[in-house]
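Structure provided below as structure tokens; questions to follow.
Going in written order, the chains are labelled A, B, C, D, E and F, and every chain counts its residues from 1.
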């Protein structure tokens, strides 16, 4: 009844959204979901608490549920992006889904 | 110290919120959390990026942490809902909680 | 290529944010992310659906990805907080990350 | 009678229509202007409250009696339009029952934004209208949706019987539609306006009247963005609905205008009743259809209603309907 | 002296109270009107800033000297009310120390919305008041909360000693309350108004004065929704707090009115001081109590303050307090 | 000529600057005032639309011809300023190419908020200016950013060749900047204003003109909060940028003022062109630099632009530039 998939989460500044989305799509992900208007603290200090400059200062989380190959390709792409200087907080979780064919 | 539970996530259009919540409660879930104002892309294209029509076009995620039986009942109910034509993106994760009795 | 970490999620009323964040930081977490403006239902009824009083009535979720020791310390601190009367919905998930050193 | 081209120009160069055009352009250029959901919620809550409130105050001034004929006429329009729209969509368009019913319900219901733009147009050419017309949007929003859902049920019972889909409970849907945000705000603010009357209006006039046009113009920017993104989706689904989305409103306007003439409304009032009939829903109907007819394709009803009819009415329809109103009122004299 | 019934009607048919009633109705009907958090944040930031600003400008016009007696009197009220409320709630209500202290703090603090509605009522019956009264909400918001927390600490030290709960640091709480959003905006805007004076007011008058009543009326819609949802929760917790939520404000109003008479305020000013004393907090106190007294039950303090006293004051209290003010001022003459 | 100290005081005691100061204070006191993102999005969408719209209407009134010289002059400023800023930052500051280019782009671009505050200052001392100047922010926002990115590319090609970083496509960046929210709203609303003209303005005047100063004052509160939090981050990064953030705007103002004198602008217009040149970007440039130059340190460019230059211009710069404008215009006569 269940199928094993990977859930990739990427926390990143909103300005990089399009870049990350493009990467996911090129890696073959069939979809993604974006959580707006989150904020947090990490190595580069507090981020995203104030509006106004929201385009530059706020975080988003991009989540994609994919099969293992797409996950692999995505993570390799994300590593390249990190090396380019874009700060990404990435983690991956094992999840189960009902419809196998829905998630590449 | 830890107890094993299931975390069910359902991404769905906001208009179907009450239907999904009813289903979860009837399946015996002791609680749920709703993430508003998210957006994403899937088989039916971009969804939820623009406001205004938010009631019809925006996605929400409904998350419930439950025991295995409730999870099972919920997922069976969600499958019925999918067959009725409501598009649901469902996934399940194994999680650990501190207070066993808090989550049916 | 991957490193095992823990992802701790804490759902709590917004007024307690600073207390929980302090606890996480004192436990050694290197960062956290806050999801605002969520709402839900649990043992204490519906919460956070209406604005206005948002400071008192709305839920937030605080997520931190940490190593096992920090996770342990955090969860022990959170248990103390629960005993003090603060209602916390806590769960933990096993996740994988690319950069080991980024998450204490 | 004013020159048709001049009037079209007055309409096209109004801030309201220009901001709508800017919204369309923004999508064409793929620019990154996104209204946060809460911002458009705020403006739309404001607009609905303001229009309902103004309508209620005007009804209090006019008295309930002088309003009845117009109200009955406009409800009749809401009951009639979805019926023939449904059969047109089924026969000529060959659409499935669910899709046909969903679209029919949209065109029987109304678009508050189109109504506001028409009122702005009239005031910019100094044409007066019966103030209580501001109360009609609240009344015309729902009946058509109920009718459309009845049609869908009938069609399905008529056809295949072994449907796995649960029966739609009409009572439940009616309640859901009547208690939806738009309808509650429109009707509720109308009641508030009716009770508080002109004296209450005095205290909040700056907010609900003076800045109204500006708020509307900002909202039109977003409506333009939404319309442009919906028309895209429709393109995939064929040419029939494009035609339907242009011809139906003109015909519905005709019915609305005849109703207005019959009810003895002024030129302004008749125009607005025509606009209401011509306009199609973009909030209440979509939400209701999505829940009640989940198998109906949203790209079709949103594409036609928001992608085609909304811009058509705003850009071309309003001055046309005004001319039609003048024509038929003169005919009768 | 105006007729009591007429005045009650003026109050009941004002847009501000009617929109509040609409909010109550919306919850009763289970309609789906939800204000996004950001929308009510916007309106409440606006209202707090506007009222503080107006108060500051008025104080600049009146001069600091003529304000002092009133300010001292109103602080005294904030210190006194929680003390006897606490004992009442403990003795008569049999509430636990934490619950009693939390509720007492709410009633000693004030409700800005109730104050604004009262000011609107006065202006609708053309009763003037000292402009600097607009500065009082900022001043009366906090003292009572501190007093209530001191009472809670004393009660707990007096009782069981082996408490596992960490001691509440009063200094920390005082700081937290003083630096909370409402207080900072009220006091800060008041300072801005005081420094910029009437000349500065001229440049922003349209925004902070003219559209104020309209913004307030929209906010009342949401306050009604919140009040109705809180009264529900209270229902489970017994009848005593219902009574408390109605009798206490009347008595507190009396104290406020006597203070106003004593300070030589006009009828309008005296009424408003009465309203401030009668009103109970719905933002600052709940947030402070939740953090400082986590074991106090929010259903109790929110139910009484927001569910009972807020609607009571808005719907019945305001005209009553106005009459009381007239009565006591006449008595003195 | 007015007294310098008086003018500085007029500026310092205006609601706009006082609310900015309140925002700074809020961060200093660690108070908990947070504007939800949607609220500041709403206010900033409003402000951008309003200023663009006003500018467009004014250009329609003045005629395109009388505008050309000023427009060309202001574009020239945008092309020039980043070039010498870049070399200054490289040579004197010893900054890395990416950091230098990012900062240079900020100072060549403009700050709409500073511009609005200056316009408010002028109107409070009753100094007129050419209305079409309201159109300049839209025009001056982008050129400098493109120039800065060209400089960064040149510097990197010149230096180490084995760069792992992908080449920046200038066309893509130019498109991205031109299609960013601020620029589209400013330019779009300007086009709307130009087409609809004074007649259209009449219908929306209450919204876009009357309440403008109040909305701006509320926004300044948030700008103060942001500025204070940015200046903190800069503190870690040394003293050079602090100086740069104060001296550069004064020098740039000089260039802007000379351009204004040259173009034959009034004292008011010349002051505003000086302010535009002096001001540095806080939305468009940061977003563009973050994407195009990810290795540039945001703490540096935001710290200098938002943390230092923005408050300096608002608090001290504006009256100074006004005096400079008077001085140079008198010199010429």
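One rule holds in what follows: a residue touches a chain if its C-beta (ideal position, glycine included) is under 8 Å from a C-beta of that chain, and two chains touch if they have at least 3 such contacts.
Please read all numbers here as calculations on a predicted model, not as lab measurements.
Q: Under the document's definition of touching, what chains do subunit C and subunit F have as common neighbours?
A: Intersection of subunit C and subunit F contact lists gives A, E.
Q: Taking CA centroids for every chain, report which one is farthest away from subunit F.
A: Chain B.
Q: Compare the two sides of the subunit B and subunit C interface and say whether they are made mostly of the same residue numbers, over half shared, or of different ones.
A: Looking at both copies, the contact residues mostly diverge.
Q: By mean C-alpha coordinates, which chain is most distant from subunit E?
A: Between subunit E and the rest, the longest centre separation is with A.
Q: Per the centroid of Cα atoms for each chain, what is the distance between subunit E and subunit F, given in Å?
A: 42
Q: Using the average of all C-alpha atoms in each chain as its centre, how far is it in Å between subunit B and subunit F?
A: Inter-chain centre distance comes to 46 Å.
Q: Compute the distance, rounded to whole Å, between the mean C-alpha positions of subunit A and subunit B.
A: 20
Q: Among the residues of subunit E, which ones contact at least 2 other chains?
A: Residues 34-39, 41-42, 181, 206, 210-211.
Q: At which residue positions does subunit B touch at least two other chains?
A: As it turns out, subunit B has residues touching two or more other chains at 35, 37, 93-94.
Q: What does subunit D use to touch subunit B in their complex?
A: Of all residues in subunit D, those touching subunit B are 34-41, 44, 164-166, 181, 219, 222-223, 225-226, 229, 233, 282-283, 286-287, 290-291, 294-295, 298, 302, 306.
Q: Okay, in this complex, where on subunit E does subunit D touch?
A: Residues 13-15, 18-19, 22, 25-26, 29-39, 42, 120, 123-124, 206, 210-211, 213-215, 217-218, 221 of subunit E touch subunit D in their complex.
Q: How about subunit C: which of its residues touch subunit E in the complex?
A: Per the touch definition, subunit C meets subunit E at residues 13, 15-16, 19, 37, 45, 49-56, 58, 83-86.
Q: Applying the document's contact rule, which stretches of subunit E touch subunit F when the two form their complex?
A: Against subunit F, subunit E makes touches at 36-39, 41-42, 45-46, 49, 53, 179-181, 184-185, 188-189, 191-192, 195-197, 199-201, 203-204, 206-208, 210-211.
Q: Residues of subunit C touching subunit B in their complex?
A: Where subunit C meets subunit B, its residues are 11, 35, 37-43, 59, 61, 75, 78-79, 82, 89-94.
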